[in-house]
Every structure is written in structure tokens, then in C-alpha cells.
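If you scroll down you'll find the structure; I have some questions about it.
Letters are used for the chains, namely A, B, C and D, taken in the order the chains are written, and counting of residues starts over at 1 for each.
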Amino acid sequence: MSAFADQLLVLVMLINLVMLGTSRLVFSIRAVAVQGVILGILPGLINPFSGHLAGITAGIILAKGIVIPYLIGNAVHKAQIRREVEPFIGYVSTLLLGAVFTALSFAFAEKLPLAPEHKDLLFVPASIATLLTGFLILTTRRKAISQVIGYLVMENGIFVFGLLLTEAMPVMVEAGALLDLLVGIFVMGIVINHISREFSSIDTSRLRALKEE
Amino acid sequence: MFFFLEPTAYLLTAATILAASGVPGLLLRAPLFGQRIAAFAVVIASLLGEIAVIQLLGGSPAAFYQVDWPLPFGPALFSTDHLSTIFLFPLFLVTGCVSVYSLAYWPASEQSSAGKLTFFLGLFAAAMVLVVVARNGVLFLMAWEVMALSAYFLLTTEQQSSAVQRVGTVYLLATHTGTMALFVMFSLLRSTTGTFAFPASHALAQTLPYATLIIVTALVGFGGKAGLMPLHFWLPGAHANAPSHVSAMMSGLMLKMGVYGILRTLSFFVALPVWVGWVILLLGAWSAVNGIALATGQRDLKRLLACSSIENIGIIFIGIGLALVGIQAHAPYLVVCGLSGAFIHIVNHGLFKSLLFLGSGALIHGAGTREIDRMGGLARRMPITSTLFLVGSLAICGLPPLNGFVGELFLYVGSITDGITAPLPLAALVAPVLALVGGLAVITFVKLYGIIFLGTPRSAAAAHSHEASGFMNGPMILLAICCLAAGMSPQLLVRLVTPVVGFYGDVAGDLFTQASSQVPLLPLTFVNILLVILTLIIGAVYLVRLRGSSQPRSTTWGCGYLEPTPRMQYTGTSFSELVVNLLGTIVAPRRERPVMTGVILPRKAAFHYAVTETVLDRVLSPIFHWIGLGFSYLRKLQHGQLHIYMLYIFATLFVLMIWTH
Amino acid sequence: MLFALVLLPLIGALFAWVVPDNRLRPLTLPVVATIHLVLTALLVGNAPPPSPGGWIWLDPLGKVVLLCISLLFAVCAFYAVGYLAYRQKRSNRILCMGLLVCLSAMGLVTITQHLGLLWVALETTTVSMAPLIYFNQNARSIEATWKYLLICSVGIALALLGLLFLAYSTYVAHRDATLLLGPLMASARELNAGWFHAAAIFLLVGYGSKMGLAPLHTWKPDAYGEAPGLVGALLAGGLVNCAFLSILRVYQICLASGTEIHFFQQTLVGMGLVSMAFAAVFMAHQSDFKRMLAYSSVEHVGILAIGLGLGKGGLYGALFHLLNNGLTKGVLFLSSGNIHRSYSNKTTDVVKGALTRLPWSGGLFLAGFIAITGSPPFSPFISEYTIVSSAFIEGRHLVGWLFLLFLVIVFIGMALTVLPMVMGAPPTDTEPTDYEDRLLTVGPPFFMMAVILVLGIWPPGFLVTLLKDGAVMLGAQP
Amino acid sequence: MTDIIIHCAVALLFPPLLLGIIGKTKAAFAGRVGAPYLQPYYDLIKLFRKGSVFSETTTWVFRAGPVVTLSATLIAVLLIPLGRHAAPLSFSGDMILFAYLFGLSRFFTTIAALDTGSSFEGMGAAREVTFSCLVEPTLFFTLITLARMSKSLTLSTILIYPTPAIWLAAGASMLLLVGALFITLLAENCRIPFDDPNTHLELTMIHEVMVLDHSGPAFGIILYGAALKLFILGAVFVNVALPLATGNPLVDWAIFVVAMMALAVAIGVVESVMARLRLVRIPQLLVGATILSAFALLLVLR
């Protein structure tokens, strides 16, 4: 089974690159959703079945795969924007950077010893790569939506790592984390709406009133 | 023993009363009543304090109080000794006088700020008492900072005016920075002794790791408060813009707290590095000369007095320096005379400087201005004030038969004696310096007294000035009498300082008497009396002669010019111009010469003249400007771009990762 | 009883939600706050033993933070009634609810021993504060909210990863992975060093950005500057302390591990000094007094970090300073809120002569300034001096000198902003708004100022012992 | 006892004669007969007879000025030794008091001048205080040098100390001292080249212009005081410059009186052959004197 898990993790990393490459917001939202679903499936592949596990799977898929994409999609719809125009750093270069970061994350994973049962899994590099991808999106994109997406990708990356410890993690904590994430995204959605209303655009590069001269 | 309490207890009670004295004024509906209560309380407290001083001079031992407060700095310790006494005597005397004076000078019936002022005045005095009796570093720091802050609130009483605001800010920044130096000092002391409690005197070896650092930080922190050059820049403005009775306390008492701090710190060490004495001596000499030079050029009555405070502090430090040098070179005369001179001058300056500041308050009250050149002829309308002011001026010039002379006499004798006998010829060079300072002081105060009180009024306000009320004159008279008494019989002063000199310079009593026998005290008294008698006789003869003869009145001889107007009189500025030109490098006057226009008849032209505040205007302001410029570049880091902020976060993460691998 | 700390505010929030009237709704705040304060007093008096799972326990560290938060919140609650009376045009439903939810989350932070739960609670505070920053609903506030939300969320996400690393380090050490403080400390020595180190870094950065250590502080001036005064007070006095508590927890584990602690302390000192330097630079010529307060908060976070990093004597100072900073910032923010109300402007080129126009608020602001810059007889002096003196006593002279240097620069910058504000004559060209000092807007900060004064002169015995216990938990000699 | 009586007698009666001698000398140089030697005495008596005119602006300070000045100067007279005879009033440290008594008298002279409110007298006062301020260090350097030599702080000792032997031993520094002292003497007594006692242009005067408004007895007191001052500093100068001592007191007295007369003549000569310095040059000369005396001290110290 774990082989399949690895393939899924590779898929996750590919999705990262895709997201770095695309400019269409709706598309990247869908991509995040897919990532979320994959995250939902993964624990079932590496852990024996349990009620706890089922709960987690359901929760993750529900939250990351359905609710959150819906919330953001809503925001996009309200803000009536299609694509991310001229990011701070171009797509090709971000793509390259993404590739570099993925490589780096493998190096990082090498440095840190894994538990024997995780030795041959790609969890660590995948999670780090995803994290860095999220960071890349956060720092290079202009649109508020894209930044939310970046944040989500980061979260996904963290979850990927979290999957190593699913049974270690008490339900309460995971549920709480998910819930917080949900509420966070929800609030961000609202804020984005307000932004688009205030500035008639969600181009965050315009949010520069607050600074020191 | 007919005293009910022992000294420290008296002092602590006095401090408590002082601190609480202003509270009724804040709470009561009738502010004037509150102010009266406060004045009464302060007088009572001062009396208690003086009782304690008398006890201590009488040699009765002071108790050591230990309060286990819940702060992590060890127990709070209070005690007092001879070193404290010498500062406490003028402290209580002046405080009492000021509180009575303020009833008339800053009456709550007219001044809405009186309540606040009275409160902080009490707090100020109490804090100073605590500073002197504190025996724990942090307790000392707290008292110190409370003193500094209440002084700030006192001097910004008229906070509406921008000038007051400015000098207040400068003062606050200066004193806070100084306090930081003290933070370091007491921390180092703590790390050497292992406790915040003051070490016993002469308990620390000079070879301790941080000895030098401790002394330097003490010189910076305390010297700044004392107004030692070049840390004096806050002083003239602050003293000039505070209400006069506040200036009296700040100049007469607060500056001395800086001196106390240094003396206390130095007393911890059994022996001091050689350079300390010389450094202090040089700083003192520098302050004395520059201070009086600055004073000469001033046009603002209170600024002038403030600058002369710098001079007097300088003289005090000269004394201390001489003593330290003497200790190093085992020159007992130098030690005894230097210390005696310093301590006597500490007391004297407290007396006559307060007298002069209170007098300037009376002047401002009467003539409504601080500009020397707008006054004149006030002696006719303010006879009492003018007389008292004359006493103060003579005293501050160090002229016999007043008290100012005594302290300087000790310094002269000390320096010359060891200059001519002991291996310290260089010490003798102090005498000419003092002589120069004395000469400049005469210029300054002749100008001050002559231009303000004599001649004819230069402004309408001066012409309609009025004598101050009894509440204001009473305290001044008391101070003047003290000056006169101390001057006529210097033994009083010597008796005052004998114990502290013995305690501080740890010189045996017989040696003290032997050394101070060099100083002609009895002859001085004799000469003083002779001087007075002679003056009276000649005066009497002269007056009798005048009675007999005709004495017609006329205008002043104008050298043929028959219509002299007040504006034709010599002004203070023109009086001091000659010497200011000689001292140009120190005083650095700023002139704007008039440009004469007009073909036949010259048109109106303006002439501006001001004495610059050298350190502040030419050193600090530029530095601040450049630093501010540098900061404004750094401030670009907060540029408002979210994605770069993100970058900061990850950069930090990255750096930490790299740094540790 | 401990759960009451969490539930009570939630119930209050529900209540605030249902109350229709904009005038009555704020009254829920003082009611809840008062009960909360009483509860706190009882719990601090005698805390119940740890819960069976060991998840819930109010240890001394928690007590200190809880005490600060509860007191601060109570004061802010009473103030809010007076403040919101002036803001009737705007619905305060979200505000009241947000405040209460935040209170409950903060309560949870203080009582939990489970790092995961701690993280959840902290994230909750972040999210629940966001709408409050947006209370004024203008372009600037929305920008501030956005930046706050995103930066804090990202930071806290990193902290989560740190937690996972921590858990995994136990896992690698062949123990069943846990995030419970007790077991973690017990097994700290066996933990896998690599993972643990990574975890420490991630946690420090994550919680650091929430706490506002430079250079992770970028959201602070914006959020503090645009939020209403009382929200600012809670941000600076509440959230900061919660984040600090989380860092304290990490510190405990590092301490237990024995090896990691050195790196952690060094980093803390370093970041602390950097924060103070940033604050010093940004406070000079700062014309917006609320942003100035934000930078002052950065500075004091730095002081806390330094105190913690110095260890030994510094620990007591850090814990005490946590309390003092919270309360003093409260005074400053509340009084600055009043001044802002009265001038309807928060730049010093308009705001002048506050002492004359608002004797009480102006006076409190001035007093707060004097207190926060570490002047006796106010309590911040005690804590700051404890820290700096311990720096010198430990022979860390460079740290001590830099500390004082930054303090001086900060003082100068702050004084040059504050003094012209409060002193001088009020502007004649701008009309004062309808705001005037009332009991409810001035009383609460005044009370807090009194508390600071008392703490500075004679802190009550129980507090001293509490702080001492806390310091001992962090490795100080008993 | 006799010495004290002589001392007082000489000190009180002799001074005006010096002025007379100076006048005569100058007259001689100018080729005139000049006023009789005793003219100053006649003047004083006349002045004491006269009534006084007072300006309305003046106060008691104006009247007190001359009185205090005179009494201070009289006490100074009691402190200095004349010739080889110790002063009637001498104690360790009296040299400092001596200097400060001059300060006191200066203070009162100048405020009395300012009391008139006349700009000319203000001008004079300003110059007086400024120049004396520059003279003061010189005086002290000189006194310290002598004190260092004689290991004493008593005027009587240190001024009688110089003997031919000393001159031979430390001639250089003694010469410097004498030079400095002579400049001091001229400056303090407002003689040419510093000030011209009988110029008629107020703008250029120093001392004379300060006393323009004094009349009658007051003016007499001032003139007498001035003469005393000249006498005192002259005595100091003579003591240092002319260390002749015969065992016989009366002879010593005679020597002293003659020496003083000689000094007066010398001053007269200087006044006749030299022109008045420009005001701006005066400080330079005074500082020069200070440097001379300081150099003397250094020579002694090494």
C-alpha cells in the first residue's frame, strides 16, 4: 500500500508545481481541493483502519476538499476576477524556484532521521516541498486570493507531515486545527470581500497605506 | 538626651511629612488652605530634619533601619552619617524657606497650577532626603529618579509655553540618560559586592575588576546631574524657565545630590586610582572657568544665575579633586583644606544661590521680566530685595566679610600650602585659576546688581515695580542672615564640616586642627569685624560731614549732554561685551551686525546679540540630526508590502536553520 | 472550575449575540469580566490538581499570565462600556462577541498543558481578534486586518509544523508520540536532537511572529495603529502574553532536554536585542502615537525575550515584566484611545496640549509613558532593572550595554513624541469632538495605573511567591 | 610698638605725597614748574570742606561706595609690611585676604559708578572690572612664587624674604616678578600706559570716568583711597625689588620712604615718556604680565 501512498505524495508535489505555473485562480483553487482530498485519503493507506482514522479522513476531505474551496470560490466569484495578472516574480521563474525548493526539501529530509516504518516514504520531502510552494505563492502573488491559496498550500504541507502522526494526534486537536483553519479561511474570505469593496480590487499590492515614511 | 528620636527616625519622619505635604492641596476644595497646610507641614518637617542634623553634629549615633520589602534587590536600608548631614543641613533650611516663599510667590488663589506644584515640591524634597539616607543601590535609584521626575514636573509647571516645554524635554532626556549610567554603576557594584546594599566606606579595593568602570559611570551619571561640564547643557535652560523658588531648590539642592552621589561612590573605595583626583580637579577647574564665563555673557537674569551654579559646582569639584590628589600624595593639608573647602562651599552655595534665586523671583514678580537689560533702578522701589540681593552677590563673588570667601580661602590655603611645601607644586596652580574665576565673578555680579537695581528704569514695567510681600522677604532675610553670620564667624562653618572631613578623608582630629590652623579663621573674624567697624566710622564721619554741607540735586553728569534718557544707559550686554570678546572661544556669542541703509539719514537697523549654548547647539543637535537621518533610511524596512513581510518570516526561519547547522 | 474559565466567556458571547440593543449589549462584558476575575482570584489562590489526563493544569506560569489577562480584560471591559457609548452609530455585536471568545481562548491557553490544545487556543485568539481590528471599517483598518490575519496565520502554521516535528522527535525516540508537557519534559533527554532542534526553531519563529519579535513584528504597528484602543490593549497585554506563555512552554522542554536550552537562550537574546533595536529606530520621529505604542510593544517583547534568554535572575524579571508590560500597555492604549476620540486624530501634528484638554487622559498617558520607559516608582522599572542588572551580574556586559543603549534611544524617541502631545497648548483650529473624560473611560485605566504603582513599590506577597515559583519552573535557583 | 605707630603714620600720611611727586616729575619733563609737592593734601582738605552734588538717580549705594572702598583699602594697608618691618596685622594666609579686599573695594567702586546711570561711568566700570580681572592671576602668581620661595603664606614673611642673596640665587625669576609687579602696579592704579589720570576725554578713561559724579568729601575719599592703593602696591613692589636691609629699623624706614619716592619718580618718568595704549592692546599687555609671573613660578618650581 505504501507504494501507492508514495505515488500520491509525488502527485501532491506535482500539483504544487502546477499551482506555481498556472495563473487561473479557479484552476488553482481546484488544485488545492484535489490536494486536500489526497491528504484525506493518505492516512488510510499508511495506517490500519480505525474509527479515529475514518473520522480524520472524512473531516479532512470535507474541510479541505469541499468547504474551503467553496468558500474561496465564493470570494473569487464575488470579487469577479479570473486570473492572477503580473505576479511579482514571473511564472517560469517561480516554477524553477519551486523545482529547486523541491530538491532542497529532499536534501532536508535526508538530514533528519525517520522512524524505521517511515524510512521509505516521501512524506517529509513532500510536506516540506508543499510548505515551500505555499511560501513561494505567498511571496510572489499579488492577488489576495492567491495569497490565501498559498496559505492553504502551506497548511496542506503541514498536514502531510501530520499524517505521520495521525494516531498520535488526539482527535480534539486535529478537529480543533481543522476548525480553526475553516474559520480562518472563512474570515479571510469576508476580509477579501471587504477589500474588493474598499479598493474595487483585491490586488494586495495596493494595500500599502500603512507604512513608515 | 532630650531628643525623643534618634536622627534617622527624625529624617524618615521628615521625609514622610514632606512627601505627604502636597496631598491636601490636591484633594481640598480650597486650594489656598491646602497650600497653607503644605507650607506648615514642610516647615515642621524642616525643623525635624534640622533637629536630626544637630544631633548628628553633636555626635549622636544614627540607627540603621532595615525594611524587608518584597522587591528582588535585598532589603531596603536607611541610615545617615556625617556625609549625609552636610547635605541635609542646607536641604532642610532651603526647603523650609521655599515653602513659605511659595505662599506669596505662587499663591493658589491666583495660580491654578499651585496644587500640583506644591505636591511635587514636597515630593521633590522628600526624594532628596531619601537619596541621602538610602543605603541600598536600588532604593537610591528609585529615590533618585523620583527626585529627577518631580523636578521635571516642577520645571514644566508653565507647560503651556513652548520654551518651558523644550527645556523640560532636554532636562528629562539628560537626566534619564544619566540614570541609565547609574543603572550600570549599581549593577556593577552589585556584581562586585554580591549585594545591592552600599558597601561600608573604604571597603572596596581599587583593584577590583570593575572599579574604573564604576567610577566612570558614576562620574557620568552624577556629574551630569551636578551640571559638571560638559554635561551641563540641560542646566541653564532648566533653571531659567522653572518657577524661581523651584530654581532655588534645583540649583541650591538638587545639583548637590550629584555631588553627594560622586562622594558616596568614591567613599566605597579604600584607595582610588591616581587619575581620578586629577580628572575631577581638571573637570572642576574647567567647569568653574567656563561656567562663570558663560554667566558673564548672559542677558537673562536666571540663566546667569544658573551658569554661575556651574561655576560653583566647579569650585566644589576643585576642592574634591585637591583632596583626592592629596590622599594619593599623602599631603594632609591638601586633603583637609580641599575637603573642608568643598563641603563649606556646598553649604554656602546652597545658602546664597537659593537667596539669589528667590530674589530673582521677587524681581520677576516686581518688574515682570527676566531680561537684565529691561530692568534698572529697582533699588528705589524694592529696597529690601535690593539689599538682600547685594548680600547674595557679595557672597557668591567670595568677597569678605561674607560666607562665600570662607570656602575659597580653604581651597587657596590648601593648594598653596602644599604647593609650597609638599611634593605637589602643580596643586598651587589652582590658586590663579580661582583668582581668575573670582575676577570674572565680580564682573558678572557687578553687572547683575548694577544693571538691575541701579541707574534708571529701562522699561515701564521696571519703573512700576513693587516690593515683594513679607512671605517672600522673610525667607530671603533668613538666608541672608545665615550668609552674613557664616561669613563673620567662619568657625560656625568649620564646626559644621569638621566631622565629615574627619569621616571622609579619615584624618585624625589633631591633624585636622593642625591643618586647619593654617587657615586664618580667628584673624578673619577679627578683620571682618574691623572692616565693619571702619566702614561704620568712616560712613558716620562722612554722613555728619554731609549734614553740615549743602547737597543740591541735579541730573547725572552727562559729559555735557543735558538730556540723558534711560535708553542711553550702559546695558548689561555692553557692560560684559569687553570680557565676552576676550572669552569669545568659550562663550561664542552670536552677533548680527546692523546694516545701515539710507542715503542721508540712516534708516532703522536691527542688532541681535545672543550667547550660544555651545554644547547643546553645536554638538548635540547636529549629532541628533544625523542619527535621525540614518534612522529615516532604516525605516524603509516597514514599507507596507505584505509579501516582503512574508519573506522576512521565512528568511528568519532559514537563517536560524543555517546558523545552527 | 477551570473549565468555567473557558465556558463562561463563551456563554457570555452567546448572550451578547442574542441581546438586540446596542446600548445594553456592552454590559455583558463587565459582568462576565467580573465573574472571570473572581474565578481567577479563587483559582490563583488554590489551583485544583492536574486533570487525570494531565491535559489541564493551572501551573504558576499559567497563573501569572491568567492573572494579567483577567485583570486587563476586566479593566478593558468596564472601559468598553464607556467607550462604546461614544460609538453608538456602529453595531458592537461582533466586538463584544469577539472580545469574549478571545477571552475564553486566552483562558484555555493559560490552563492547558497540551501543546496541541495550546496551539488551537492560540490560533483561535488570532482569528477571533481579526474582526475587532476591523471595527472602524475603513480602508486602513481592512488593510491592517488583512496583514495581521495573514502574517499571524502563516506564523502560527509554522508553529504547528514545529509541534509536529516535536511529536515526531518523540516518535523517532521510540516513545509514543505525545504533545503533553509533562511526558515531553520527562523524555526530553532522549528526544531525537535533529527533529527537536528543528521543532524549537519552527516554534520560536511561529510563536515569535504572533508575539511580535522583530523581524516578525511587521503586522504589529498596522494592527495596533488601526484597532480601537481597548482592542490594542488586549492585543498588547493579552495575546502577546499568551504567545509568550507558549514560548515559555517550549523553553521548559528545552530546559529539560539540557542541550537545546543554550541555543534557545542565545536565539532569544539575539532576537530580543534585534527587536529593541527595531523599536528604537522606528520610534524616532514617530508622529502616529498608536503606531509608537505598537513599536514600544515590540521593544518590550524584546525585553521579555532577553530576560528569558538570560535565565537565572532574568527569569523573575521576565515574568514580572510580562505582567507590568501588559498592564502599562493597557493604560497607554486606553488613554490614547480617549485622546484619539477627543481629537479624532492620532498624529502629533494635530494632537497637542492633551493635558490641558483632557487632564485625566493626558495625565494617564504621560504617567504610562514614564512607567513604560522604566522609571521608578512604577513596576516596569523593577522588572527591567532586574533584567538588566542580571545581565551585568551574569557578566553579559555587551547585552547589558546594548539593552541600556536601546532603552535610551527608545526613551528619547518616545519622549519627543509624547511630551509635545500632552504638553503645550491645545490646537485652536480644530474643534474638540463631543468626547470628554468620564468615570468609565478614565476610571479603569486610572485603577490600572494605581495597580502598577503598588506593584512598583510593594508587590503583594502572593504575587512574589507566584513569580518565584514560575521562575523556578524555568530553572532559576529557588 | 614704635614700628606699628610708624607704620600707621607712614601709611596714612605718606600716600598723597606720591601723587605730588609724580605730578612734579611730569611737570619737570614737560618743562613746567608744576604744582607744589603737597598739592594733593591741599586738594583733599579743600574737597572735605566742599558740599556735594548728588544725581537724582543715585541711591545709598552711591554714597556707600567710597566709604567701603576706603575701609577695605585701609585694612589692606594694615596687612602689608613696609620695608623690612612686618605688618601690624599679619597671619598665615593673609595674602589671600589682601587680594580679596581689593576685590571688595572694586565691587563697591564699580556699583557706585553704575548707580549714576551714566553710560560713561558704566563704560569705566566695565573696563575697571575686566582689566582687574586680568590682573588678579598675575598678582597670585607673584605671591605664590614668593610664598614658594619663603615657604610661608604670610605677607610679612614673603615680602620681607627677598634679600640680595636671593636675588643672586634666583635672579631670573625675581626679575620676571618685578616686571610683572610693575605692570600690575601701573594697571591697578590706572596709570599710563593703561589709563591717563588727567585726560579730558571721558571715552578713553577707565578709573577717572567712574568717579565723574562724585563730589566733595566723597571725591576726597576716593582720591585718598587711590593714593593709598598706589602706596600699597608700591610698597609690595619696593619690598620685592629693593631687598636692602640694614640692622637699624629707623634706617630701614628711611630707606623705604626714599625708595617709595624713587618709585613715584619712576612712575612719573614712565608717564612722561610713554603714550597711553589703545584699549584693545591693554588686555594683551596684562596677559603678558600674567605669563611673566607664571614663568617666574615655573622657574621656582623646577
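Basically, contacts are C-beta pairs under 8 Å (C-beta built on N, C-alpha and C of every residue); 3 or more make two chains touch, one makes a residue touch a chain.
Please read all numbers here as calculations on a predicted model, not as lab measurements.
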item	value
Relative to chain A, chain with the most remote C-alpha centre	D
Chain pair with more C-beta contacts, B-C versus B-D	B-D
Innermost chain by mean C-alpha position	B
Where chain B and chain D are represented by their mean Cα positions, the distance between them in whole Å	36
Averaged-CA centre spacing for the pair chain C and chain B, given as whole angstrom	44
Chain C and chain D, separation of their C-alpha mean positions in angstrom	78
For chain A paired with chain C, centre-to-centre distance based on mean C-alpha positions, whole Å	30
Chain B residues counted as touching two or more neighbouring chains	632, 635, 638, 640, 642, 646
Residues of chain A touching at least two other chains	111, 138, 147, 204, 207, 209-210, 212
Set of chain D residues in contact with two or more other chains	none
Set of all touching chain pairs, with the criterion as stated earlier	A-B, A-C, B-C, B-D
Of chain C, residues touching chain A in the complex	114, 116-117, 119-120, 123-124, 126-127, 130-131, 134, 137-140, 142-147, 149-150, 153-154, 157, 160-161, 164-165, 167-168, 171-172, 174, 176-179, 192, 194-195, 198, 221-222, 225-226, 282
In the complex, chain C residues that touch chain B	146-147, 150-151, 154-155, 158, 197-198, 201-202, 204-205, 208-209, 215-216, 218-219, 221-222, 263, 267, 278, 281-282, 284-285, 313, 316-317, 353, 355-356, 370, 373, 375-377, 381-382, 385-386, 388-389, 391-393, 395, 400-401, 404, 407-408, 411-412, 415-416, 419-420, 423-425, 457-461, 464
Touching residues (chain side chain A, partner chain B) in the complex	88, 111, 135, 138-141, 147, 204-205, 207-213
Chain A to chain C touching residues, read off their complex	111-115, 127, 131, 138, 144, 147, 151, 154-155, 157-158, 161-162, 164-165, 168-170, 172-173, 176-177, 180, 183-184, 187-188, 191, 194-195, 198-199, 204, 207, 209-210, 212
Complex contact set, residues of chain D against chain B	48, 50-59, 61, 63-64, 66-68, 70-72, 74-75, 89, 91-94, 96-97, 99-101, 103-104, 106-107, 110-111, 113-123, 125-127, 129-130, 132-137, 139-141, 144, 147-148, 151-153, 202, 212-213, 216-218, 221, 283, 290, 294, 297, 301
